[in-house]
Amino acid sequence: MSADLRGLDGPTVRADVARGARTGEPEVVYAAGKTPAQTLTAVRALLEGGVAPVLVTRAEAEHLAVVADAYPQAAVHAEAGMLVLAPLAPLDDRLAGRVVVVTAGTSDLTVATECAVTLEALGERPTVLADVGVAGLHRVLDVRDTLAAADVVVVVAGMEAALGPVVAGLVAAPVVAVPTSVGYGAAQDGMTALHGLLSACTPGIAVVNVDNGLGAALLARRIVRAGDRRHGGWE
Amino acid sequence: MSADLRGLDGPTVRADVARGARTGEPEVVYAAGKTPAQTLTAVRALLEGGVAPVLVTRAEAEHLAVVADAYPQAAVHAEAGMLVLAPLAPLDDRLAGRVVVVTAGTSDLTVATECAVTLEALGERPTVLADVGVAGLHRVLDVRDTLAAADVVVVVAGMEAALGPVVAGLVAAPVVAVPTSVGYGAAQDGMTALHGLLSACTPGIAVVNVDNGLGAALLARRIVRAGDRRHGGWE
Amino acid sequence: MSADLRGLDGPTVRADVARGARTGEPEVVYAAGKTPAQTLTAVRALLEGGVAPVLVTRAEAEHLAVVADAYPQAAVHAEAGMLVLAPLAPLDDRLAGRVVVVTAGTSDLTVATECAVTLEALGERPTVLADVGVAGLHRVLDVRDTLAAADVVVVVAGMEAALGPVVAGLVAAPVVAVPTSVGYGAAQDGMTALHGLLSACTPGIAVVNVDNGLGAALLARRIVRAGDRRHGGWE
Amino acid sequence: MSADLRGLDGPTVRADVARGARTGEPEVVYAAGKTPAQTLTAVRALLEGGVAPVLVTRAEAEHLAVVADAYPQAAVHAEAGMLVLAPLAPLDDRLAGRVVVVTAGTSDLTVATECAVTLEALGERPTVLADVGVAGLHRVLDVRDTLAAADVVVVVAGMEAALGPVVAGLVAAPVVAVPTSVGYGAAQDGMTALHGLLSACTPGIAVVNVDNGLGAALLARRIVRAGDRRHGGWE
Amino acid sequence: MSADLRGLDGPTVRADVARGARTGEPEVVYAAGKTPAQTLTAVRALLEGGVAPVLVTRAEAEHLAVVADAYPQAAVHAEAGMLVLAPLAPLDDRLAGRVVVVTAGTSDLTVATECAVTLEALGERPTVLADVGVAGLHRVLDVRDTLAAADVVVVVAGMEAALGPVVAGLVAAPVVAVPTSVGYGAAQDGMTALHGLLSACTPGIAVVNVDNGLGAALLARRIVRAGDRRHGGWE
Amino acid sequence: MSADLRGLDGPTVRADVARGARTGEPEVVYAAGKTPAQTLTAVRALLEGGVAPVLVTRAEAEHLAVVADAYPQAAVHAEAGMLVLAPLAPLDDRLAGRVVVVTAGTSDLTVATECAVTLEALGERPTVLADVGVAGLHRVLDVRDTLAAADVVVVVAGMEAALGPVVAGLVAAPVVAVPTSVGYGAAQDGMTALHGLLSACTPGIAVVNVDNGLGAALLARRIVRAGDRRHGGWE
Amino acid sequence: MSADLRGLDGPTVRADVARGARTGEPEVVYAAGKTPAQTLTAVRALLEGGVAPVLVTRAEAEHLAVVADAYPQAAVHAEAGMLVLAPLAPLDDRLAGRVVVVTAGTSDLTVATECAVTLEALGERPTVLADVGVAGLHRVLDVRDTLAAADVVVVVAGMEAALGPVVAGLVAAPVVAVPTSVGYGAAQDGMTALHGLLSACTPGIAVVNVDNGLGAALLARRIVRAGDRRHGGWE
Amino acid sequence: MSADLRGLDGPTVRADVARGARTGEPEVVYAAGKTPAQTLTAVRALLEGGVAPVLVTRAEAEHLAVVADAYPQAAVHAEAGMLVLAPLAPLDDRLAGRVVVVTAGTSDLTVATECAVTLEALGERPTVLADVGVAGLHRVLDVRDTLAAADVVVVVAGMEAALGPVVAGLVAAPVVAVPTSVGYGAAQDGMTALHGLLSACTPGIAVVNVDNGLGAALLARRIVRAGDRRHGGWE
């Protein structure tokens, strides 16, 4: 095509250094809708632009293989369709936010892993608590103290997502809720969980998109870092 | 109109005695979409047909006034848009089903009342527990024993309706769940609560239509009476 | 991933003995969203925890093969994507609930089978009546006596699901209605059947999620057992 | 406004004589969204253009009053929001189509009346059977012979509209189904009835819009007249 | 499974001779959701029960192959997923209904073929006019006389389905409209066409489900036969 | 409230002169959701800021009265809920865009008027053709030449909005389509018209929001002025 | 009614002191669905229980009047349907969170006010920036520094809510986004804004329910206080 | 099938020369829903009818291969599922419309390419600017001058599509907005972007269907050519 695809030779693969500096967020290559080759090109450009960390998300096995082949040091999380390059060094205990990621069922673990891997790539040290469904309320009560000690709780839940309002009623911290597409029929691919979390009368719930573990991580990190900025950091 | 409105002179106001005998259910005059005069005509026909009890539901003040004027003995429940005539005698303690009606918020009380009034008109003796929201989980735990002792629990909840799966996880009895239209925005007039209750992974939840307190009562009664039929009644 | 996946080494595969004891329900491993290996791990943990029965649902052939390979005694119901281990002994005639599962079409049989297999695993002895569509009303009338004698009727119907309200008008027992995803276009993958069953004016219908044969079985069993609890069991 | 509202002085109120001649349909003034004065202007133009009959539908009391004031001979059907002028002479017994209009509940009568009044204005002689709900199947069976003798059956039903497929299974004639907005919650203002009727597996159902009694009448008449055209009329 | 699958040995494959006699409709085996073997079993039972014609619809290649292998005389219409056995003899010119099936685009031809094949199997002799989209209005005007001469017009159209109201304004006959799933995005798999056809102000449109060519054929035939019944047939 | 409502004393009522200069668009005060007093304040600020023209839209009678009281020179279009101040001088014949606004029914005239009044306030001289429904195709053909001569055609249509694709097939000019909320049931408050217009296969249709006559006018004007800019104006 | 409304004499109006202590949130009386008398009863119980602050939201004029009559010291915010009693003392400059509430249009101010009033009642000192729509991008750029200095930014926007992702790209702080019901047609009462905000690729957006200014305030406060807890407070 | 498929032998593959002459649009063969052979037949008929250019869209690799095999001169754009035959000669600089196609992300490039290829086939010379997302507002500001100089701007954006209203606020030209299906969950396959663009308060946005790059191109061309017609062309 002779159309002037000006963007393709420049901005597409150019690291958006300005935004990174401004918001402290990593560059993420969203692989869905890209070919493996396009994915690799984008990753390469970011790394060569000095961006760190670089995350690839929503990747099929083929995307992961092509990138890992070029960058053997990549940490591949195939079960979550992710790959991490140039991760930040882990923060020490005092600096790392106490982010607890809790899931309602084992089927929600893929999304929770996307969230946890992202946080780790940024140096945070999340804790994951799996399979804490409200059908067995004692499971929730069992981890109550861990939840209460968190700076931010990320709740990952599909179906009716009742875990979200239950947890938000137990803690004083902000709750980031990730509805998942786990379920069928009336669950409507996660839209019922999404709308339920938004309708909950328990205050303090911040909702992100269905299955958006990445977004939950970045929001949780903004929340943790907001406290640091406000208090002048930890010198 | 000269069209042969054959139905209007007959079946419309004729007590469906056959179905009553068959299913044990009362005749209900659904006032929405009827004029007060039509409502009164229907009530009169049922009473003259020997039907008992007769319930009027979804009635505006005008409907209630017209019927109560003609039948001063009517029990009017204006806050629930209901009216009861010819109620059955209360069952004794052993016979009456232990039906516990529990609501998530005070705004759900209208629907819970429709449910409780219907059960009482049929001789049952329901217990109503109001304002047991999951935002304060201790409220749920406080009534845990009452819930566990019920033959049937009716959960009335709007917004995200998380109370439904939480209660269903605490009891062995069937849970009849009534989503309500309490809420706004993503609550979508009760449809989110409806879909959430249907999507819940906790087993044992029987869902009825939004705000359908009447239907919940009739279903709860069928459940209680099914046990009696099976065991040959109480001699 | 170095995140502390605390839940994965514990609660995920730990039998929730407490809830089982409380509600009398079996443990179910929902295979959709789990790998075959995860499925097997969950099954093993439940069996080793002494849980009985153990059901696997929504399983692909691969899940079934992996589990059946490890547990040759498993009863595989491939057409319903199910597998049963450690079933309860069949109840005797007097104890078993008279649960009649009736379907509108042969395409609904998969869901009806999920329901019937679950009831059998719990010792109940369900009866299945297939292909009783309202398009041929005589088919419904032909089985009228069988329906009327049931403790609980489970109606499995897709498309417009008119069988639900028709059956509920013929019997005094509670009707558990399972909308199915049979149909196309305006049937909207079962949501039209779901909403239709919830909108029906015939009272006594308990609706569960689309294609949720398992949930219908567990609800039906709660209803049957509620009667036993109420009457103090059978001597 | 100085814009050239050319259409307003001409086509708006000009009888579309051509289409009437072509399709045999009356001119209908849809009052919703028109002022009473606009309604009267449209009626006057049609009558002066020699059109017959002229129907006004979806009219508020004010519309009806303004038109009836100008044309005292108008037949007003306030309960259906309709008004008829210049009705055609009734057809004799042999010519008139045997159209049976059957409703599921009394709340559906407004729509059924819109249908029946329209048919009568065109000279047909419809029969209306009210309150034939499937909750009491014997009511349907009681009118089975009347239904079977019809040239066309119009079924008017809200909520889950199960009456449509039940009737279509009992007759060989085409069934025109009018979903109504009777119901609440999951009935979604008639959309559930609409989608259910379209999803029914019983063949032979022609669906029109929610509450569209007028459209059902015109469709029923096209069906009756198609037979006449085909057979060369009645000599 | 030891459950008493009583229905499976009887009604499932038993020809519903009663309904056929009552409504004059063929037996249709809907293959979607059935295995090829189940499909063949159903076909065999119908043929052995003396039913004619027998149609198989919504069949994959595998279903068609299995049935055609057992019944080499079957007429296979692979492009429409159909198979016909024991077709009725073609009616003579005077008896056959003049049914014109018109499509908006070539992508709608699959559905139009399902309609036409069904009509032919019943002895009717439909005419198909393809690719008569409103984008080129002259195409519609070109076939205007053919449309005007029809007893029934079947319009098959996807996307916005504007052809439906345009045709209904040109003819006096009933128009059976079949929305199709042709289109994308806002076309919402045919639901926009469906709702548009139901909303059209042109009277005389009978809507059936998305892609339901079979249903359109059976409805069209009921309309044609209603005229015959009314006029006492053709001596 | 002591919160620093900084925005309220400044930007809220400050004419956005920059955007006006940039895009050539008038400032519009959208009255819905504003009190009459807020509306007047906004109007005053704009006029004092030298903005022209100033339009008030979606206004109730009360809003119009308060503004007209303060500015007697205002041109009030009550039937369209509009008010115009400081209109631009009419362009001469050669400069004014040939914009033809065509409506499907008289009920669509409110929206067409909003469009035409806006264009006139900007100096354009639109032509309005009312009641050109596709049910009477000759009405469309009658105005074919007027449509073909337009620079831009604005189609205003509710229900199924078939007029949009029909007109777009007749002209070479861009068609701006405004779906309206005229209709009921399946028309879904204009959403069916909206989705139908977007799904139409006829190319050249630019869709704006339901009932958005204002937006259609501004888009039409951008189209006309784009030609002027491109050709260097008219001198 | 003789049903045991146990909940009504106790938990309904009993201050949930436990949850307040646990989460630091005020008690809010949601007036929609309550009578003025019920509202006053709830307020009185909370105040007598020593709760502070007490907020009434979604109140009609009548609710506000009844409560203000009993408690003349109440701060009434009629334009936001709110009332505040027993507000907390304002925090000093260092302690108060820098929460900036920014609205896209003046019609969004009601919701922004609900948010700001709630924050003030809790001692925070929010800044409100009104009318910062993306249609005039310079308005956004003008307040860029104020936004960048915030601990939390609350974006209140209806229609397409593009302000949310634009602001989230400009700041490093968490953005709480409140979609509003401002708009019509395709805006779908705020659901389009809601879904758009959830779909935005800009990270760091926490979405709450449509028009939920209260929820945004409580979430913003949890975020601010999380930082304090983490850093051990301010001395 | 013996049905008279009259349309298939004629109009289906006959070039609609009349419409092409009337609207200046190319003939497009929409391959989705056609077999490769049907696609080739349609292409051949158009070329033999003298139509130019001929475009094939929404084609799978197989469609493209079959056509390219028969016509080696075809320009294949596999990444956009397109193929061009008989393109028009490029217009010279003065004549070609300045159409700028701008995308929010690289995932939107497929749709942008469909748009640009179509414009080029018609002789226009579009400019494509990729990856101009609002998350990095500077990217938008960087291309501001290019945007401002355009005759028409085509915005291609998925997810929340905020780029549309932002661009429309920066330019005076008409903006053609193409929502894309890029995104997941609340993005609802592009419907959220679609509804958001229609709800935007920035005026001047013409919306086309989801992923409809072709339609955007044809609309953009109509806009450019409208200016030429109006000004009498370029002599």
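Miscellaneous remarks
Order of writing sets the chain letters: A, B, C, D, E, F, G and H. Residues in each chain are counted from 1.
The rule we apply is simple: contacts are C-beta pairs under 8 Å (C-beta built on N, C-alpha and C of every residue); 3 or more make two chains touch, one makes a residue touch a chain.
Since this is a predicted model, take the numbers as computed values, not measurements.
Superposing the C-alpha atoms of chain C onto chain E requires a rotation of 90 degrees, rounded to the nearest 5. Each chain gets a centre from the mean of its Cα atoms; for chain F and chain G, those two points are 35 Å apart. With centres defined as mean CA coordinates, chain F is found 56 Å away from chain C. Chain A and chain G have Cα centroids separated by 26 Å.
Touching two or more other chains at once are residues 19, 30, 105, 135-136, 169-170, 185-187, 194, 198-199, 201, 209 of chain F. Interface note: chains touch in the pairs A-B, A-C, A-G, A-H, B-C, B-D, B-G, C-D, C-E, D-E, D-F, E-F, E-H, F-G, F-H, G-H.
Those residues of chain G that touch chain B in the shared complex are 1-8, 11-12, 16, 18-19, 30, 32-34, 38, 42, 179, 181, 189-191, 194, 209-212. Considering their complex, residues 77, 101, 103, 105-107, 109-110, 113, 116-117, 119-120, 125-132, 135-136, 138-139, 182, 184-187 of chain E touch chain H. Every residue of chain G that touches chain A in the complex is listed here, in rising order: 19, 22-25, 30, 97-98, 148, 151-152, 169-174, 176, 194, 198-199, 201, 203-209, 214-215, 218-219, 222-231, 234. Across the interface of their complex, chain D is touched by residues 104-105, 133-137, 140-141, 159-162, 164-166, 168-170, 183, 185-188, 192-202 of chain C.
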